[in-house]
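In what follows, structures are represented as structure tokens.
Two complexes, one shared chain (chain A), two partners (chain B, chain C).
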Partner chain A sequence: MAAGLCPGRALLSRRGGALWALLGTARGRAAGPETHFGFQNVSEAERREKIYQVFENVAEKYDVMNDSMSLGIHRVWKDILVHKMNPSPGTLLVDVAGGTGDIAFRFLNYVRSVRERQLQQKLRHHQNLSWQEISKSYQEEKSNPLGDSQVVVCDINKEMLKAGKQKAQHLGYSEGLSWVLGNAEELHFDDDKFDVYTIAFGIRNVTRIDLALQEAYRVLKPGGRFLCLEFSHVSNPLLSRLYDLYSFQVIPVLGEVIAGDWKSYQYLVESIRRFPPQEELKAMIEDAGFLKVDYQNLNSGIVAIHSGFKL
Partner chain B sequence: MLRGCGRGAAAVLRGAAGSRGASGQERGPEPGRPLEPSLLRFLVCPLSKRPLRYEESTNELINEELGIAYPIIDGIPNMIPEAARTTRKRPPAEGSEQP
Partner chain C sequence: MLRGAAVRAALLRAVRGAPGRAGLGRAVPRAEEEEEEEEERQRGGRVPLYPGHIPTTPLQKALLAAGSACAALWDPYRHDMVAVLGETTGCLALPKLRDRMRNDPEGYRILQERPRIRLSTLDMARLGGLPDGTLGREYIRFLEDNKVSPDTRMPAKFVDDEELAYVIQRYREVHDLMHTLLGMPTNMLGELPRSVLPTDPSDGFWPIGIPDPRPREVHGEVSSIPVPAPLSSVICEVVVKWFEAVQTGLPMCVLGAAFGPVRLNARKLQVLATELLPWAVRSGRNASCVLNVYYEQRWEQSVESLREEIGIFPPPAVCV
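Now for the complex of A and B:
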């Protein structure tokens, strides 16, 4: 047991030694237990380090790679997730592992358009408004286009957050959007704070999924919703064959050609195969305390959206 | 009903595709950008889950109790305990130096 803790200490002490002497043991996660990195068996600490490197390597090319590997379909999957969430003005969202902002930007667009529509409807219903009332309503829309909605993007990887922040600047998103570096297994948010927790193509890379789910439950308000978009398992045997062929023969090659990184994309496809299938993930979400847990397969289960409520 | 939103998203995505070339500009504007106030209401120490105090002079989030400080880099709080520093010089007072 003590020996098992050592590699973790070594890893962590590189970053903040003194602190770790103090706090290392108090955290209920150590390097010891064996886990997997793609098809390799590694320690939990090694896995964290390796996954960090993967995303450090791919951060800059992340969007291009997603587009080329999925032929752009990942955008549709993310749109579906946000439509399923159907946030209203005022919704507070935490998007975990959301580094490059894909979910956050969609959320902001969605809320803004709902808000616009609501105000227009309000105006339409009151036919004989005075010009003061109309101008007040327009000002309201201008000064608070999100109706106090906010999204906090949390990612463990600095490079991914950097890429996301740059993208936000380019696209002109700033209102209602904040970025935090943090670990899904050990969130830095207070209890009962958010209406929705999303994790899109992130939970697969979390080493202790059980801890991440517990944390998701903790930070959600009662009545809050957990939504997870992740690769899953294809049940159709023919499609599954084709998908395997594509995954193992094409994706690493694309990774090499576009991002100059075969290994990271090899990891990607392996990690998808190691990730628990739909029903198993559903049970894990239920174990964390969520109720009304269900899932929706997209593209025959290549991807699934799991949903659960804190009630 | 959702068409308006979809169009917005499409515009965003088109924008994203166009902005790819700009990755040459690596650095953010200033390194010591302060914390967005709206974020502070959510944040706690990931270890103790207790509230943090924002220290403007050092641009850090401080957990008085455990004596650790989380840095804010480019306006992004780094809430990974491994990246925090210990602030043991000052005795952990009852956290009321300055709001």
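Now for the complex of A and C:
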């Protein structure tokens, strides 16, 4: 009996299953296979359109909302991601769905401080330096503070990129930073180009995650690392209930009060629930060809960092 | 005995889910239904009742009320927050208002026909061409002077009843007409030639439509030309809010009325407290329900006769 039930369950467990498609044709939509937008069922084209609009609406207040929804904890999550990356000067990073540049700025700060420490250590190790050598090393620090590290911020949404560029200007980031409009499912970069690929709180909004993972594999150099920071599933039942309560009762209200936009934040919390849990995402990353795939839960699974290598 | 019944029920359930239907028995659709129910519960347990409706749980409404009150006090230009506050706190006052409308023949007709005051439904050219002193002409003048449009009113989102959503929508759309009826235009600077403007724009106070016979000292010269002085927008809004608070009983109006005067200086507060607010409250009490007036059919009526009909006392002539 259980065996009989299981295949049925597996068939219908993916929301785009046959039964739902049958029900969906009553609505007369035929633009691509069925998928989900939060808790609604929509076509793939419609989902892309809706997600674009969501981020167009939230772009201006994106950072304020992140701070208020996560009580500032998102900053810690992003710091942990960059520390895990541990980039050395000379690293070429692509931050996909990088939007307002949070990861990119942290990356630049990190390589700058690593570079400073490198140069200081070099000075300390050389005992008898001439004045010319000392001034040359200071010049080196001034002319190349990043050590040739570069980050490319790629996002599909113009408004988010605009907000990111403004923030960069405001905070004084100019070197080693470039902004590119692009789609994670179809990147316009050459193969084997980047040392690290990151996607922070973006892969949830991609319609075809498998394509995005394949593209990530393609653009990474051999030896390159894939890092994904994303909301994930909480297994602890008590924490899960509190988290659900907070997500569904408080976050849309915050969205309405702070950004004047209930629906985008309702979408946000629903999309978190629809996203595959840790093990399933790990399997998808392995399917794309990555090796040594692992994940690290932050805050008991509210957020997880998945990591894989192209070897 | 009970255990036997339970066992039989379980067996029946198992039989209904027999593999005869290729394993797609009841268990699978039920799982889907459970998930759907969970989603419904998390969405406030209801479906949208009208376009733009967002169903909310009582907890969400409470949080919204608190949050929107703070946001509106923090930034008074967040009109959307004032609107949300009105919707989330109006659950007691709105049914009373709706009942008052139902019990009045004109109000009942409004509830049936559901007229909307919008640029698409108003004939702006015709209204602008009406004689001075008529409701239509003065309303257009108010819209032009303050550069507002009736389309900027937010639609109702958090009211969980379709008719009450219309009532609050009607209240919002009628707000500009309240300004006109009470003679409280928020800014008149646009109408006057520069040379007759007093030096201090927030100095004088004169409602529109009533000639000021006092000679005024303007730019050092005494002028006997009646010059309606520019008006302070905050005072006008506060007066209208007090009137609406008395008329509708909506908590949002009461809060707005209470907190509105907070940022005014002592002189304006005195004018408010001694002349304008008593008049607004008296008029509010005396007047019949302003939502029971079918304004769209009364554009040609003069403002004064409409005031008399509703029961609004003539605005006081105030000197500052």
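Keep in mind that, in the parts below, the second predicted complex is superposed on the first by the 280 of 311 C-alpha atoms of A that agree within 3 Å, B and C clash if a C-alpha of one lies under 4 Å from a C-alpha of the other, contacts with A are read in each partner's own complex, and residues count from 1 in each chain.
The rule we apply is simple: a residue touches a chain if its C-beta (ideal position, glycine included) is under 8 Å from a C-beta of that chain, and two chains touch if they have at least 3 such contacts.
The structure presented is a predicted model; accordingly, all values stated were derived computationally and were not measured.
Peer 1: Of the partners chain B and chain C, which touch A:F275 in the superposed model: first, second, both, neither?
Peer 2: Neither partner.
Peer 1: Does chain B (first) or chain C (second) touch A:L254, or do both, or does neither?
Peer 2: second
Peer 1: Of the two partners chain B and chain C, indicate the one touching more residues belonging to chain A.
Peer 2: For chain A, the partner with the higher number of touched residues is B.
Peer 1: Output check: A:F309 vs chain B and chain C. Expected answer is one of first, second, both, neither. What do you get?
Peer 2: neither
Peer 1: Contact-wise, after the overlay, does A:D244 reach chain B, chain C, both or neither (first, second, both, neither)?
Peer 2: second
Peer 1: List the residues of chain A that touch chain B in one complex and chain C in the other.
Peer 2: Residues 12 of chain A touch both chain B and chain C.
Peer 1: Quick one: in the complex, what on chain A touches chain C?
Peer 2: 1, 3-9, 11-12, 39, 244, 248-250, 252-254, 256-258, 260, 262-263, 266, 270
Peer 1: Enumerate the contact residues on chain B facing chain A in the complex.
Peer 2: Touching chain A from chain B are residues 1-2, 4-6, 8-9, 12-13, 15-17, 19-20, 22-23, 25, 28, 36, 38-39, 42-47, 49, 51, 66, 68, 70, 74-86.
Peer 1: Which bits of chain A are touching chain B when the two form their complex?
Peer 2: For chain A paired with chain B, touching residues are 12, 15-16, 18-20, 22-23, 26-27, 60, 63-64, 67, 75, 79, 83, 94, 105-106, 109-110, 112-114, 116-117, 150, 152, 156, 158, 161-163, 165-167, 170-171, 178-183, 186-191, 193-194.
Peer 1: Within their complex, state which residues of chain C touch chain A.
Peer 2: Within the complex, chain C touches chain A at residues 14, 17, 19, 22-25, 27-28, 31-32, 39, 42-43, 54, 57, 59-60, 63-64, 67-68, 70-71, 78, 80-81, 84, 157.
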